[in-house]
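Below you'll find the structures, each written out as C-alpha cells.
Two complexes, one shared chain (chain A), two partners (chain B, chain C).
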Partner chain A sequence: MLSFVLRRLLALPLILLAVTFLIVLVMQLIPVEQRAVAYTTDLAQLGRIPEIIKTNHLDAGVFEQYWRWLGLALGGNLGFSRTSGQLVLQTLQARFPATLELTLFTLLPLISLSVWLGSKAAVHRGQAVDAVIRVLAVISYSTPSFVLGVWLLVIFYGVLNLLPGTGNLSNDSAIYFLTGEIRRVTGLTTIDALLSGRLDVFWDALKHLIMPVFTLMVVGSAGLIKGTRTSMLEALNSDYIRTARAKGVTEGVIVRKHARRNAMLTVITLAGLSVSGLLQGAVIAETLFGYPGVGAWAAQAAALGDLPGVLGFALLAATVVVLINLAIDLAYTVIDPRVRYA
Partner chain B sequence: MTVAERLKVRPVNVKARGSFWGRLFRHNRLARVGAVLVSLFILVALLAPVLAPPQGNCRRALGMTEMQTIPGPLAYLREVVATPDACLQMPRVGFAAQPNPPAADAPLGRVNGYDIRYGLVWGTRTAFFLGLTVLAITVTVGSLVGLAAGFLGGVTDNLLMRLTDVIFAFPALVLILVLVAALGPGLLNIIIALSLVSWAGLARVVRSEVLRLRELEFAAAAQSLGASRVRIALRHVLPNAIGPLLTIVVLEMGSLPIVAGSLSFLGLGTPLGYADWGQLIALAQKWIQGPPGQPFAYWYVTLFPGLCIFAYSLGWSLLGDSLAEALDPRNR
Partner chain C sequence: MKRFIVPLTLALASSALATPKDALVYQIASATASVEPAQAVATFDVLPVQQMFEGLYLDNFGKYEPLLATTFTQSRDGKTTTFTLRKGVKFHDGSAMTCSDAEYSVRRTLLVGSETSLAAQIRANLLSIPGFTPEVKKTYTFAKLSNMVKCNAAGQLVLTLDRNVPSLLDSIAQVYIVPMKTLVAGGDWSGTARDFGAFLGEDVSNSVLAQKPVGTGAYQFVARDPSRFVLRGFTQYWGGAPALKNVILQKVDSDTARVLALQKGDADIALIPDRDTLGKLKGIPGVKVYEDLPTRNLTGVVLFNQNIKDDKLLPAGQLAENNVPVNFFSDIHVRRGFAALFDTKTYTRDALQGFGLARNTTLPTNNWAEDKTLKPPAYNLKAAEAELKQAFGGKLWTTGFTVPLSTFGGSGISQVVAGIFKENIEKLNPRFHASVSTLELSAANASLLGGKLAFSALTWGGADPDTNLRGLYSSGGILAAATNIKDPRMEKMLDTARDAVGQNARKPLYKSLLTYLNEQTYAFPLPQPLIFAATSSTLKGYENFNRTNLLRVLSK
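Coming up: the complex of A and B.
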C-alpha cells in the first residue's frame, strides 16, 4: 500500500515534466518577437525586443529553452506573468485560494445532489421520476456555462439587482481584509470572515458565490447523474440484492446499504473527474463573474500569449488532476476492501 | 430454392436493420424531439441564403445582380457548399456599439452594428462545419491510434497510451486554450486545437474494443483462412471496434460548438465579425445591464444567441442519450 502511494507520487514529476515540455513545445508556434513581448514589464521595453530575446534565450532550441525554464522552476522561480504584473508563484498563491473556495463550495452540493438524483432515477427506473431526471441531465449536458452565466447575470444582477455581478467581495467588505481587521488565516474569504466573527462579511462573500457555484453545478452534474444511475442499476440487478430481498430486507435498506455502497466505486471515479471538470469550468465562470481566481487569470494569460503564466497554471492544473487520481485510487481501498495495491 | 432462400433471408435482414431505428424513434419521445431539433438546424443551414440573404462583399463574391435579393441556383449552391469568406462575415449596419432592438431590417436585433439574425443563421453552418471536420479528423486518428495500440501491443501500445495520459493530465479546455493561444485565433486553428485534444478519448475506447475483439473467434477464423495481420486489423477488427463511437460522435456534435463558443467567449475564438454563435455571446456580455431605468432593454442580445446554442446542443444530446440507452444491452 505504502509502496503503491510512493510509486504514484514518484510518477507525478514525470507527468509534470511531460506536460510542461508539451506546453513549451506548443508555444514555439508563437513567433519569437511575440513571445518576447510577454517578458516586457512596461511600454519602454517594447523597443528592446531583440535584447529581451537574447537575455531570455527565446531563440534557442526547444530543448535548451525547456532546460533553462526547468532549472529556474526547480529553484522556485516560475518567471514573471505579464498578465498579473506579478511573479507567477505569487499570482498562484494569491489567486488559488479563491478558486479553491469556489470549487469546495461547488463540490459538496454537486456530488450529493447528483448522486441523490442518479440513484432516485435508478430506483424508479422507467417511471416518470426517471424520465424527468433524465431530461434534467440532458439539459445540464447541453447548457453552455457561458450562456447560463450570462442569463443569470441578466436576471439576478441586471434586472432584479439581487446578487452582485462581479468579484468575490464587495468593496465595503474587502476593506476589512485590506486593513487587517479580518486576518487572512485560511485564504478562503468565507471561512476567514467566520473566524473573525463577521457574519455580514461572510454573507457578502456567500452572495458572491451563489451564481458561479450554481453555474458550475448545473454544467457539471450531467455526467455524475448519468453515471450514478448506470452503476446503481447494475448494483440493483445483481445477485446479492436478490439475496437481500429474499431475506426480507426492506427496500429502503437495500437501496441505502446494499446497492448504493457498491455503486460508490463508479461514483467516486466520476466525482474525481468532475474536479478536473470544475477546474476548466472555473476558467469560464471566473472570467464571466470577474472572480479573482487562477482560472480567469489563465484565460487572460492564454489570450495574451503570456508563456510563464500559462505554464504556471498548467503545472497547477496537472498537479491537481494527478493528485485527485491518486486520492481516488486510495478511496477505492476504503470503500471496497477487495481492492488492494501491492 | 435460391429464390426461396433469398425471400427468406432478405426480409429478415431488412426488418432487423429497420427495427433498431424504428424502435428508437417510435418508443422514445425524447429521441424524436432531438431528431426534430437537429433536422431544423440542418434546414436552417441549407436555407441560409434565403433566411439571411447575402449583403455587401458577399453579393459581389457570388456575382449577384442589383435586382436579386436571393442568389440564383448556381450561386445558391456555391454559397451553401463552398461558402466564400465574405459571406461568413456578419454584415455591419452602422458602427454604434449600442444594441438595436428587433426591427424590419434586423428581425432579431443588432449588437455592435452586427445583424444578429445573420450571425445565428450562418453560425449554424459554422457549427456544422466545425463539428463535422473535427469529428472526421478525430475519428480517423483515434481509431487508427487505438487500432495500432490494441493490435500491436508492447512498446507501441505503451508509448501511445502514455501520450494519451499526458493529454488527460490536463482539463481539456486548458490544453485547448494553450493550443489556440499558440496557434492564434481563427476557425481553422480552433479546429486543429480541438482535434489535437479530443482524439485521445476516442483512441482509448477503440483500443479497449480492439483488445476484446482480437481474442474472439472471428479473428482467429480470419487468421486460419490465411488473412494477413493488416487485413484482420483493418477489415475484421476495426469495423467492429468503431461501433461504440457512434454515441460519442453524436454527443460530440452537440458539445463541440460549446467548447468553440467558450473560446470565443474568452477572446480566443473566431475573428471579430465572423458568423459564430460564441462570438455573439461574447459581444452580448457587455450588455448585461440595460440603460438606467430599463434593465431589460437589451434582452434580445443575450436571449437569441443563447437559445440557439442551447437548442442545437440539446438536439444532439437528446439523440445521443437515446442512442446510448437503446444500444445498452442492460436495457433490453
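Coming up: the complex of A and C.
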C-alpha cells in the first residue's frame, strides 16, 4: 500500500510537468503579435509591441520559454501575475482558501443529497418518486449555472433581500480581517471567524456561501444522482440481494447495509470527479457571486494571456486532481476490503 | 417546519444596510492590480493611484491646476522649466515633502517601468525615446538624468530637456511624487548611479510602493484583499481632509450584482454596463442617473489606411469590382467620398443611443486647441457620389469595388460603423460592394498595427493637441503603420505647432493644421460619446469627479 501511495506521489511532478508544458505549447499556437497585444492596456501601447515581445521573450521557442519558467518555478518563483498585480504564489495563497471553503461547503451537502436522491430513485424504480428525481436531475443538468446564478441574485438579493449579493463577506465584516482584528489562521473565513469568537462574522460568511454553494450543488448533482441510481439498481438486481431477500432480510437493511455499500465504489469515483468539476464550476460561481477565489482569477488570467497566472492555476488544479484521485483509490480499500494495492 | 422557516427568514433578511454617511463604496468591474504609480495605466489601477499620489499639477479636464507645485516658469526656448513646490505638504507616513523627494520621483519615473508602463509613456513624450533599446542605453546615464532633473538652491525643481515639449504639463501631471527615504529603505532605486543600470526600464509592478503605497494624496492606503481596496481620508492632507472618510473600491464582476447593490443602497457608485441598464435605473428611489457627462481627452475617429498590407488585395492602381487596390485610400476623392457616406445621425442613434456630440475636428471636444468654427466632412450622399466619380481618374465609378470592412468581436461600435458604410456604399452604385468580416479583438489590434486593415474606427487619447494629432497622423506616430500617411507639409505643420512656446502662440497654428486635416480627410471624427453613470442619490459632486477622477470632491 505504502509503495502504491509513493508511486502515485512520485508521478505527481511528471503530471505537473506535462500539464504546464502543454499549456505553454498551446499558448504558442497564438501568433506572437497577438500574445503581445494581450500585454497592452490601451492603444498608445500598441506601438511598443516589438519591445513587449523582446522583453517578455515571446518570440522564443516553446522549449526555451518553458525552460525559463521552469527554472524560476523550481526556485520557488512562479512569476508575477499581471491580472492580480501580485506574485503568483501570493495570489494563490490569498485566493485558494476561498475556493477551498466554497468547495468544502458544497461537497458535503452535494454528495449526501445526491446519494440519498439516487438511492431513493433506485429503490422506487418506475414509481412517481423515481420520475420526479429523474426530472430534477435533468433540470439540474440542463440549467446553465450563470442563468441560475443570476436568478438567485435577483430573487434572494434583489427582490426578497434575504441574502447578500456578492463576495465572501460584507464590507463591514471584511474590515475586521483587513485590519487584523480577526486573525487569518486557516484562511477559511467561517472557521477563522469562529476561532476568534465572532459569531456575527461567521454568520455573515455563511450567508455569503448560500447562493454560490446552491449553484454549484445544482450543477454538480445531476451526474452524481444518475450515477448513484444506476449503481444502486445494479446492486439491487444482483444475486446476493436476491438471496438476502429470500432469507427475509428487511428492505431497509438490504438498501442500507448491502446495496448502498456495494454501490459506493461508483459513487466515490463520481464524487471524486465532482471535486474536479467543482473547481471548474467555481470559475463561474466565483465570477457571478464575486467570490474571491482562484477560479475567477484564473478565468481573467486566461483572457488576458497572463501565462504565469494560468500556469500557477494549472499547477494547483493538477495537484488537487491528482491528490483527489489518490484519495479515491485509498477509499476503495476501505469500502471494499477485496481491493488491494501492491 | 413552518415554525423554523420564519425565524430563519427574519435572520437572513438583516443583510441589507445603506452605506454609512462618511463612507463611499464604489463597485467596479475589475480588481485593482498594481498601484505602483510608475506602472499604473489600467483604469482601476489608476483610480486608487490618483487618490493616494499626486503630481505637481492636476489635469482638470484640459486645464492644468497647481497641486504639489504652486507655479512654474519656462525659459524662452521652452527647454527649461522651474517648478516652485508647495510648502507644508506631508506624506502619509508623516514625513514632509521636500525638493529631494520631487527630484527623486521625477528621476525614478524617467528610469523605471516596463514598456507598457505609464513611465514609458512619459519618457516617450518628454525624452522622445521609444524605449530602452541597446542604443538608448549607451547614452542614457545617471549623469544625464541628474542634469536633466535637479533641485536649485531655492528649493525649486528644475527640469531641463533637449527640446521644448509642449505637452510637458500633460506628463508632469502624471509623475507622482513619492517619499525617497521610504523607497530607498524598502530596497527600491537608491537614487544614485550605483544601481542605476539595475532599475533601467525595470518592471516595478511589485515594488515596495505597490505593496505599501505612501503618497501625499487626500486618501491613504489601509488594506486590500482580492476584491477590495480600502482607503482612509488623510487627516494631514494639505488641502484639508476629504468629506468622505472611508473609501472601499470593491470588485464585483457581475453586472446584475452591481446594479442590484446600487438599488439597495449597498453601493454609492456602481459601474453600469450599458445605457439600456441605465434606463431601467431611472426613477428608482435612492438612485441618481447621469446620462450626458462629458468625455475627457478622448477622441473617436475613422482612420484610412493609404497602403494596406494585405496580399489578397490588388496591386497599387489596379481596379476590379470584386476587390480594391492596396492604395485605395491614397486617393483623396475616395477618402472624401467615404467620409461623406458616413451617416453620423444613424451612428449617434445606433452606437451611442442618441448621446453623442457633433465634432469639428479629430481633437477631443475638451481640448484647448479645438476650434468650433471648423467644419469636418459631413454626411451627404450627393457629395459622396461627386467625389467617388472623380476617384482614380473617374475609373472607380465605372469599374466598381469591393472594400473589406472588419468588425471587432465584442465591439458594437465597429459593427455599427461597418453597417453604415456597407448600406450607403451599396446604395450609391450597384458596382460598389462591402464585405464584412469579424476579428477577435487582439487579432484586430495586431492587424491594425500590421497595417492590414483598410480602415479602422478607434478611440484615441491625449491631453495635448500634439500628442493627439501626432499619434493619429504623423509618419512617426504610434498609428503610422495603420495609416501609412506620407505628407511632408502636414509633418512640418505639426512640428511648427509643437515647437511654438505657449498656448497663445500655438492655437492659430493648430487652426491651420486642423483646417488642412479636414480638407485632406486622412481621418474623420466620429460623434463624441457622452458618459453615463449611476450613483446613490445622496452622493454629491459626481460631475466634478467625472472631470478630475478625484474622490475627494465627493460628499454626502
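Definition applied: the second predicted complex is superposed on the first by the 315 of 342 C-alpha atoms of A that agree within 3 Å, B and C clash if a C-alpha of one lies under 4 Å from a C-alpha of the other, contacts with A are read in each partner's own complex, and residues count from 1 in each chain.
In this text, a residue touches a chain if its C-beta (ideal position, glycine included) is under 8 Å from a C-beta of that chain, and two chains touch if they have at least 3 such contacts.
Keep in mind the model is a prediction, meaning the values are calculated, not measured.
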Inquiry  = On the A-aligned overlay, A:188 touches which partner chain: chain B = first, chain C = second, or both, or neither?
reply    = neither
Touching partner for A:284 - first (chain B), second (chain C), both, neither = first
Inquiry  = After the superposition on A, what does A:154 contact: first (chain B), second (chain C), both or neither?
reply    = both
Query = Can A:209 be said to touch chain B (first), chain C (second), both, or neither?
reply = neither
Ask   = Of the two partner chains, chain B (first) and chain C (second), which one does A:263 touch, if any: first, second, both, or neither?
value = neither
Ask   = Which holds for A:107: it touches chain B only (first), chain C only (second), both, or neither?
value = neither
Inquiry  = One more residue to check, A:165. First (chain B), second (chain C), both or neither?
reply    = both
Which of chain B and chain C A:314 touches, first, second, both or neither = first
Ask   = Residues on chain A in contact with chain B in one complex and with chain C in the other?
value = 150, 153-154, 157-158, 161, 165, 287-288, 305
Inquiry  = Show me the residue ranges of chain A that touch chain B in the complex, using the header's touch definition.
reply    = 15, 18-19, 22-23, 26-30, 134-135, 137-139, 141-147, 150-151, 153-154, 157-159, 161, 165, 233-234, 237, 276-277, 279-280, 283-284, 287-288, 298-299, 301-303, 305, 310, 313-314, 317-318, 321-322
Task = Note which residues of chain B are touching chain A in the complex, please.
result = 30, 162, 165-166, 168-174, 177-183, 251, 254-255, 258, 261-262, 265-268, 278, 281, 284-285, 288-290, 295-296, 299, 302, 305-306, 309-310, 313-314, 316-318, 321, 330
Inquiry  = Applying the document's contact rule, which stretches of chain A touch chain C when the two form their complex?
reply    = 31, 33-34, 36-49, 51-52, 55, 80, 82-87, 91, 94-95, 98, 149-150, 153-154, 157-158, 160-167, 170-172, 174-175, 177-179, 203, 207, 287-290, 292, 296-297, 300, 305
Query = Which part of chain C faces chain A closely enough to touch in the complex?
reply = 9, 11-13, 15-17, 25, 30-35, 41-42, 45, 114-116, 120-121, 130-131, 133, 201, 203, 205-206, 210, 222-228, 230, 248, 250-254, 256-257, 260-261, 263-264, 266, 442-443, 445-446, 448-450, 458-462, 471, 478-479
